[in-house]
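By letter and in written order, the chains are A, B, C, D, E and F; residue numbering begins at 1 in each of them.
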């Protein structure tokens, strides 16, 4: 994979880049990622057509905005993405005409006191359009324990035309650290995902376990649908 | 002044609005302000033509972005504004085609260890175009003392065509709390400004003192120019 | 004033005692105070009949409970007091049959975001019964500023029979640091009161200014009544 | 188990209830538990006669008091309980005539610098009367490590007539996380107990391991007795 | 005053140098000062014979050691100095054969809970030998208030031959911020001294007030002596 | 091993002693260790000739200095040691003529943003002289993860004559927690070493795993040499 060294990119990526998410969009693939420097964290955007060369397109948020995931199609004529500002532990949505200038931000999802996602939520996998046109968002939730944060995976369905509106949401996680390789590793008790594929009504979820190995979990999309449906009408 | 009650505005302004800055722009006046809610702080935009009625235009940043000041004209065909993200205590610049969607963010000014602005800097007054086409930015700087933060005012000149480039900067503050009414009040040792007028080469700086009264200070623009010139070439 | 040295008292008062409040009760006077030790802060109770000798009665709360003020008569057959737990910055009420065992705790007053008492409230003066049988509570409110906390005084009327119910409350403070001796001193911008007297419909409020001198302020009780009435119906 | 929905209970239990401890008392069973809300944590009391229906009796402490365990009989004519205030990481004792009004609080047990319980101690199992009339208290101790808190279990014997007086105490823990299921789970390296049974001089200790499974450990009461005896005379 | 630019000095002085204290020693004057850089704070040593040129001698402590004041003569054949490590808010003493290598550190003075110097103490003026051969140490003490730290000046007499031994200490400060220029300034409520002169049994104390002006206070050494004597025998 | 009880030692060792490192030096062995008390942490020095009796020699640093490791021979005629001040997470060097008085401190090694040792570095094993006269320093590095610190081991070669000068340094750790017994224990994900032996060009590294067991790892010194050489010239 070619890497075009560029001083401007280095400035805001001096410490690391991480959490790349790939969104198929028409004939290309966009990659949103987090650029980390002493200025703070911000969203970087890149593109690839062939997974052989990648072109950095620029930084598409201020600092203190993390976790960007792009929707795979325009909504009401605009690009849309989910993102996580530093404060509040919430997922927001923003829109753009050109992938560069973003605005129209609204809150989408907040932590729930007393639930498994009581401390923070963040977008994990780029939204996937499912039946009825709704958007399936696989997200992660954090609960604070006396031994540190516990990362787990949940699901939420967003309205087809107004993705800032939550239709239904899992009251329990759909994936939790249970196996030894999910519990034990460089970062204990952590499951973190940046990508999934929907294939024949089956969700293939790729995830990192304890920051030390990469795993694949599968489930019928219909099971997630029914689990979320229990909460329908609460929002 | 009319106030159009609107539920969406209330959501992000539930605690307060503050730090309004007025930028004359062609035939109208834009007001950028900080909207404060439990979601975090973000920039709101409003407009008035006559200072009798004001129209809220919307929120034009994510949360965790504060201190927005709009430039009074387009730069290279785009709207431009200065802003202060939560992290780093720095002033950044962003651009927009329509005042709604913002991007192209770059760092403009950072705190300087060992100086009077060692802890944080923030945009104070909307930039003013001065001779040579340069932009004069009146900003505030904070030094941390054992009795809390000490707010003072400085100046910086930005390049005419690339306002992310600093041309010169005051090594000492141009206004510090000295008078009793600047030292003593609800917030001790604080000078804070959101607006100034350039009249016949004289700067009229309106500022709040110790959060308890409003003051006017004046100086010849040329004095600021010469004070800043001492640092020219350092950037 | 005699001081009966007692080892058990010393244990929980090793650092200081402070914030004594005097409540006239039938033929005697009770003094509630805060005892400060490395175990934490708790409420101590003492009694005097003549202001010549004082008898310590014991500690009447756990640690982490501060600011106790006793009501001057029983309510529904029980002693009642206001108090401030460490967490939440709120005023609570508790009841007792014997001044020693306390229970039935309920929240009375909370901080209000966006108001002058947005950070914390605490009981200041023991409640005073006024016309209609209502209880007048003079309390202090704190707002956090960049130069530290700003202490001011407000008033609230509590229901005659159920003092956990707020009837009306001042939306603005009734006393703020304004004079130099209230602004400047060992603790800047602080007004703190532990006692007041109602005389001929006039309130005589004794207060400390900037922890450096003791002052007396007066106002017609009716003015407080009317100021609070503006908020009636909001609770 | 029937659950009587009640608005007052919901207010202080909005986030969760946890750490229920069951104390047999004459013909009934009392359950002390921690109620968690944004007001803070406080002790709730409930009762059951048959473990089929449970009646909530009310909240029996202020906020900032946690970890209540009731003694199974009156001491010197009063109900007694152990509890843990937010500050200091200590176990205290309080008394009551009616289970509602509590007072007479005293310190019972403090953390010991340099020991396995150097950071915090808390009551685990309701006290059990053993031979000589002494009270056996199974408690937990926390040591802070660079990887977070390490929870372990110890024992202490309290005086029969004055349970605020420690007679002897284990210098080493009697139960530590060692097995994989005690080390690895939602909360790593945690052993936590809320209940035990004394049967034929044998202690049956029920405990949660890493917040992920429930375990039973057994030991002869005499072994605990002898381990504690090593420290007798130190208090 | 000549200033020899030297890269090694710049490294550890990049942010500032401050709190210079001058100690007359035989035919020369030593200046101890605090060098501040992002590595931390450490003690620097310089020398002047004529107050016209100054020679930097080097850094004579690790980082995290502040506030060094040299004794004006050797004690038991060794150089001696007072200093303040980052932790604990205490004054320590160290010794040296050559002013470069320091050791034999012992605690001299600690904060006193409940007193005016309850939060931190630090050496202010280099020790002065007074009658009986004792050492007079003028030090500063800090009390934490809700409006920030309150700096005041106290005195302590140290044993002639073993200066780690406190002979007597003022229970109240000998100088407190009282005047407007001591209360109000860049750093409110601060009195800080780095030097004093003993002349005809009279102490001339030079001090900074609110970090905004320099003052001179005088007192009879005998008054300090008698004030301290009240505490003799307590140590 | 004999233990000479001594009140002065107890004062600064009241909580614990830890992290003993043994340096062979001519005919004897010096042991540097960390003494922990409420005054802070400082370096203690002891000596043994036969590993049957040990003599404490004294405390050889102020508080807030940790992690001392002595070089096994004098450098430029002076004793030398590495140490870690509380602030900055760096390794420093100091020198002494007599093991008691220390000075001449300089920074040796700092954390590197974006690397495995981004949060803190500390000296682990006393330096070992290897071919070319260079010093091999085995050190530990910490990365902060969302589940707490991750301790790993790296190597650095220091210049023969000026050990403050880094010649080369491992860009990746040479030992990381991987095995279950290194991941799981009282302190998860921790590898910590205080000693190693060089035997026939092979390094025998003794280390603690998860604070719960002691392990031995071996490697050819030449492999470390080549791994470090990749970074040569960068310093």
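Structural remarks
The rule we apply is simple: contacts are C-beta pairs under 8 Å (C-beta built on N, C-alpha and C of every residue); 3 or more make two chains touch, one makes a residue touch a chain.
Since the structure is predicted, the reported quantities are computational estimates derived from the model, not experimental observations.
Looking at the partners of chain D and chain F together, the chains they share are A. Taking each chain's centre as the mean of its C-alpha atoms, the one that lies farthest from the centre of chain D is B. When the CA atoms of chain A are superposed on those of chain F, the rotation angle is 120 degrees to the nearest 5.
Here chain C and chain E face each other with different sets of residues for the most part; under half of the interface numbers are shared between them. Taking E-F and B-E together, the pair of chains sharing more C-beta contacts is E-F. A straight line joining the Cα centres of chain D and chain E is 50 Å long.
The distance from the centre of chain A to the centre of chain D, each centre being the mean of the chain's C-alpha atoms, comes to 42 Å. Centre-to-centre spacing of chain A and chain E amounts to 56 Å, using the average Cα coordinate of each chain. Annotation: 50 Å between the Cα-based centres of chain B and chain F.
In chain B, the residues that reach two or more other chains under the touch definition are 38, 147-148, 184, 188-189. Two chains count as a pair here when they touch; such pairs are A-B, A-D, A-F, B-C, B-E, C-D, C-E, D-F, E-F.
Taken together, the chain D residues at the contact with chain C in this complex read 38-40, 42, 58-65, 83, 85-88, 90, 92, 94-98, 100-105, 107.
Across the complex, chain B meets chain C through its residues 14-16, 38, 147-149, 151, 184-190, 211. Within the complex, the chain B residues that touch chain E are 113-114, 118, 145-148, 150, 177, 180, 183-184, 188-189.
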